[in-house]
Each structure stands twice: as C-alpha cells, then as structure tokens.
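Below you'll find the structure, written out as structure tokens, and then a few comments.
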C-alpha cells in the first residue's frame, strides 16, 4: 500500500510537470501579453521596459525555468487585470465552484443510479424505455441551453428563483458556503441542475449497462436458486457489481462537471473560478489561466487516485500494486 | 448491392427498431437541410441588404404580432430566425463532420503506427493520449481556443486535437490483435512491404468499431462547438453556428424574447438526438459486446 | 404416463413438463412432454447433448425460467405439491430449503464481491431461525465436511482466492447448508480439471447420501453419470428418448441415440471397436420434422420413422425407449 501510494505520487508529479510544460508552451503562442498590461499609447521604450519586468525578453527555455521555479516556490504569478496573486483569485472562487459541482454531482447520482438500476433490471418495460429515451435526450442537449431555459421559466416567467449571483453565504471554518441559507439554495439550485443534466444522463446509461451485464451473470441465478427474492438479488448481489463501471467514470464525470462549470457559471453569473477563467480568456490574463489549469490538473490527479482506492474497496478482486 | 443490403440482417434489425428509424429519419432531414437549406428560405440572413430593421423582434407567426413572412420570428436586426437557424445548422453540422473526419484520419493513422511499429513511437503516442484523456475534452478545447483565437478553422483544430485520441486507442488495440493473426504473418513472410500490409490487411479489419465512434462523435463535436461559440471563443460572428445564435438570443432572453434562443437550441437537440439514436443502434449491431 | 416404475413413493414426480421459449425466430420447445420420477435418496442422471434441454428441466423445477421462456404445461410434483403452479413466494421458500442447485461453472456462480462467509450465511438467514453464532458454526462445519481446511479463516475469503475445484466445494457446501431434500446439479464437473472431477463427484454423492437427499445430475457426459447415478433419463430435442436403471442403460441401451452417446465415451473398458461419434447435428429445435427427431442421424431409421413419432414404451429389463426399432428386439447385429 505504501509503495503504491509513493508510485502514484510520483505519477502525479510527472503529470503535473507535463501539464506545466504544455500550459507554458501554449501560453507562449497566445500573442504578446505585454499589450495587456500597458497603456495603448506607450512608447517603444516603455514596452521594452514592461517586457523586462515581465521577463518576456528572455529565451523560451529560460522563461520556462523561471516559470517552473516560481511555481515550485508557490509563486504562480500576478494577474495582469486584478494586480493580485493569481492563486489567491482562484482559491477565493474555488469554494463557489465546488459548491455547484458537488450539488450537481449529488443530484445526478441520486437520480441516475435508481433509474439506471431500474432500467437495467427491467429492460423492455415501457418505463425503462422512457428512462432510456430521456437519458439519450439528456446527452443530446447543450447544457448551457438547458440553463437558459431554466432561467427563462423559473426566473423570468415564474419568478421563483433568481437568475444570477450567489446569494447569502455563511462561513464554515473560514470557507463561505451558500448551502446553509435558504437564499443561498435558491441561487444554487438552477446552476446545479443545469450542470447535472449531462452527467445524470451518462451515469444513468452506465448504471443500466452495468446492471444488464450483471443480470446475465451466473451468480445472480445462483442467488435466486438459493431462495433470494428478485429484489434481493438485484440490490444485494447485482448493485455492487453493476456499479463497478460507474465508479470508473465517476472521476471523469467530476472532471467534466468542473469543465462545464465554466459555461454554467458564465450563464448564471456565478462567482466561481470557471467564470474567472472565461473572463481571463477574454482579457488574456495569462497567469490566471495558468493557475486555473494547474489547479484543475491537480484536482484531477487527486480524484483519479481516490477513485483507484475506491475501486479496491468495491471490488475485492482488484488489489493495489 | 442494394438487393444485398435489403436482405441483410442489418436492414432487417433496422426495420424492427423504432429508435433506429427515428434516428435515421432525423439524420436524413438534417442532410437535406445542410445540402439545400439556403434554397428553402427566402432570406439570406447575412446579406445586410435583405434585412429590415422595422421587422426586428417579430414573434413567431402564431403569436400576436407575428408576421407570416417570418415563421419563427425575427431577431434584433430583422433577421428571419428560421433562416438563420438553417444557415447556423449548416455551420454546426459541417464543423462536426469535418472535425470528425480530421480526428478519424489523424487518430487512425497514429493508432496504426503505434500498434504496428510499437516501441518508442507507441509509447510516446499513448502517453500523450493518456494525458489528454485525463482532462475533459471541453476544457482542452476551451484552452486551445483561448490560445489560437476564434475562427472555423481554429475550431476544427481544437476539436481534432481532442478527438483523435479515441480513434488512436481503438485502432492501436485492434491493430495489435490483427498483426498477431496468421494472415498478417503470412503476408510478412510473403515479403509484402509494411505499407501494403497495413493498407490491405490491417486497416480494413480495424475500421468497423470506428463507425460507431465516428457517428457519436459528430454529435459530441456539435455540442462542444456550440459551447465554445456560446462562450464567444468559437466561430466568428460572420459565420454563426447554432451555439452562437443561442448566445445572441441569451442577451435578450430576459426581455422575454425567447424565440431567438429557444429554436436554435431545439435544433441542436434534435440533430444530436437523431445522431445518438442512430449511434445506439449501430453500437448494438456492430459491437454486440458493448451493449 | 401411467406406468409407475418405482416401488417407493416418489419425492419428485415430473409429469408431461413443457417449457417453451418464445423467441423472435420461433418457438423453442426446449422441454417437451418430459416425465420422470425420483424417489427419496435416489440419484438420477439427466443426459443429452448440449442444447438438448437438460438444464431447462432443472431450472423449470426451481421455477427459474425467465422470459421469453415459460412453463406451458405439465406438473412438477414435489411431495404432491405442484411447483409448476406454485406462486413465486412459495417457490422462494422451496429454493435452497427443499431444492438446491449446483451450477456448472464455479468460477461464475459465486458473487465476486461478497465473502464466502456472507454467501453461505445468506442461505441460512433465508431458511432457518438460527442466530448468528449458530449460523457461523454451521457454515464452518459445512465447509469442513466438503474438505476445506481452515474453514474459519476461509469464511472471510473472496471467491477469487479459491481454485476452481475449491470453489465448487464451496458451492456444494452452500447447496447442502439448509439440508435440502433434492439437489439439482447442472454439469457440476464440466468446468473442472479432469483430475478433480471424480473427487467432486464422490463428494457430492457422499453429501447427498449423508443428508438422505435425492439428486438430479444434469450432464452430457455419460462416463460421469455411470459412476454416480442409480438411473438415467436421456433427453433428445427436449424429449425423453430412453430411461432406465443405470446398469441396463450403460450395458445395453435400447435407443440408438443412447448407444451413440455410449460409443463416443473414450474408455477402453467398453471395448468398442473404435471411438465413434454420432453423425450429423441436433436438428433445429424450432422446426422439428415430422416423425422421429433422431431419424436423420440414426443408423436404424426406416420409412416408419419419418411418418410416426415413437412413443416411450418398455423395451427390456428396466428400460423404456421412444423408438420404433429399439436395439435388442431383433433385426440388429
């Protein structure tokens, strides 16, 4: 277990390093950020000076090592726009993003798994067909459009929920959360539902496929031959086996949620790091984009690691090596 | 040829599968729209001389104030929503298909090389693929677009950059299976060049699973492109796709002018739904194990 | 079927059982008018080629036929109670408690994510009032009696930590836990190494005898059957073509199909001139020809066989055969 953890940690570092190289290279091709920080009527000398201050006059390799050195020292650069450390900007907005991501994941999982199990256990029944058609529709919808429709009906037409912003928050251990106030929830629900649609549909389809695969297994019939009820077989014996593929894509889906939070936050004016990313892309605020990507990469490798551990807990045949 | 198809198991199953039929019909309708769309509407929505500002924000024809010339209403510049949707559908669909073809071409080639030659080349290609797969396509595409700027060509590059991986991995896997087989070994002994072996013996046998991937990918690409365009980093405003139309409609949604964004959204949904319905059927037919 | 070949009262009496599968390409009459009796303590071999409907008989008895399959008719009398008409919750009490089943592949019949202990305990929880400690003791006892050492530790192990033979022992232990009166073993040794096949068979025979239970041994392997069973029922295309005591069937069968099966056993003891195989294949069961189903593969077929379906009738000794020209009734070599 210890050796495995060490091995995985090394892998994580390698992935993060690779991401830093790619991010750096890509950023170097996105045009000259110097024009983002200086007034439009600056003289050539002023431009040169700004370049030197930003370190843009050095060679690419040099720039990379300075960049890497800074990263290792915890210096992730300063936002050109906000004149604040980029990492602070991102971390400030991380809780808001995680809030809608987590709520969306909870919504998706609690709806997808029971429906997927039902559809997998009763293939051919009318309700199962309805569920499957619905899920196919779910993966065919543009998420942002769903969000707009929700805004149109719930905020514009019926005025049940606000259309944007985050609402009241309470601090828990120094982290602001809107999940403890009614006003907070009224702001969270629409973006979280919007975000959950695609994931819900995919989790549902994977659950169904897993259950259908499992229903064919001999141990299901053997359990029934022991006198276990149809329901008992389904939930007692089938579910855990059927969920193994769901666990596999759970991590990927969490990643997708973080990615699509960028759009959802933009639509709902949700003050998370996704909206910050989109704004920073418009403004070519390079350090913020870099920090966002590095942080997201870190989150992904950690999630994947946790998923692997979860795997060994759910399936005794898999052991960590 | 036609006779053989009509007698085939594939056609037999297709006829009994309602979802497959619906999916095919939807796809057929969209092919007609893409091919002949401009001939079906009176207005060229991007010819400014044909626009009349007096006609702006007309609601759909069945609502009070609707204008029979504009079935689905107009936008802020008096542009026929139906016409812009049809033009937008062409942009969306063609980007989806072109990006799929590019991804397929590049991914299949890299997969063949990796599987056939193995070694360091294989290791490099597959590490890149692994790295990429651990990130959501949407995020990679968004990041690339932020780096290269807007434009139809740029969108194609970004989509291809995220789309090749799935082909490369699949093709590599089946290539490894194929080159073990006796007929490839025999071809080698017979002295065929590698290029010939790949083209004549390996390639035809690894293509089947790609059909399903390619079908579904067109839908995925249409959705990603719509998202990018919605965020303003996709296609330029001179060539709006459905996603960009929705973005434009979003700005006036709060004033209750819903028709400029609802209809393009329904169009994307219908198109991708049709593709997915058909893709599901193909998956069951071609890869029964993946059911 | 009015003939009663047993002197004892049968534990299980299957009468004109029909289990059909309604598929898109036609009705598969997997079991068609099958009848047999099984007395308490008796072991019967149910024999035939694969696709002959043997396993379906077993699943029908337990009421485990899933759509598109259905029991179309007949009776399955267990102590006089007709299981073919019993409701699902009654069947659930019978499964495991009265009738237990052993599956073909021990690699797949145990749930991979549950411990052996949990899978054994489940049987006792369902069918007994024992408390946890008593159930645990019983499980350990049972594992030991099927020859698994360190039973206490093994309860915590998962199926993948056992070899195939060991797993089949576990499956047998589970089947015997609730003292069932009838065991249905569906090809219990087919998936195992030849070297452990006979060990497992002996174990099963001993367990059945110790519990005073009866057993139906479903198999395609006549060699396996002859070591263990008291009597044999041979199925072909979902119908009984021959039945009788094991010695009579093996030494001198009267149905040419049984003869063919015996001749294809690779065993020097039988001293047949050469190892033969039954020519041809099982006909498409959805589309059976008129007359005898076996006639296309039968060396003894005559014109009558194409016209009239043979009925099961006594031939010699304990044997019944469904054949117009049974072996040993004149006219054969």
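Each chain carries a letter (A, B and C) given by its place in the written order, and its residues are counted from 1.
Keep in mind that, in the parts below, a residue touches a chain if its C-beta (ideal position, glycine included) is under 8 Å from a C-beta of that chain, and two chains touch if they have at least 3 such contacts.
Only a predicted model underlies this, so the values are computations on that prediction, with no experimental measurement involved.
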Which pairing of chains gives the most C-beta pairs in contact? A-B
Max Cα-centre separation from chain A goes to chain C
Chain-centre distance (mean CA atoms) for chain A and chain C, in whole Å, is 54
Between chain A and chain B, what's the gap in Å when you average each chain's C-alpha atoms? 23
In the complex, chain C touches chain A at residues 62, 64, 88, 92-97, 100-101, 103-105, 108-114, 122-123, 126-127, 158, 160, 171, 174
Show me the residue ranges of chain A that touch chain C in the complex, using the header's touch definition. 217-219, 221-230, 236-237, 240-241, 314-317
Touching residues of chain A toward chain B in the complex: what are they? 15, 18-19, 26-27, 29-30, 133, 136-137, 139-145, 148-149, 151-152, 156, 163, 209, 212, 252, 255-256, 258-260, 262-263, 266-267, 277-278, 281-282, 289, 293, 296-297, 300-301, 304
Touching chain A in the complex, chain B uses residues 19, 131, 134-136, 138-139, 142-144, 146-148, 219, 223, 226-227, 230-233, 243, 246, 249-250, 253-254, 256, 258, 261-262, 265, 268-269, 272-273, 275-277, 280, 291
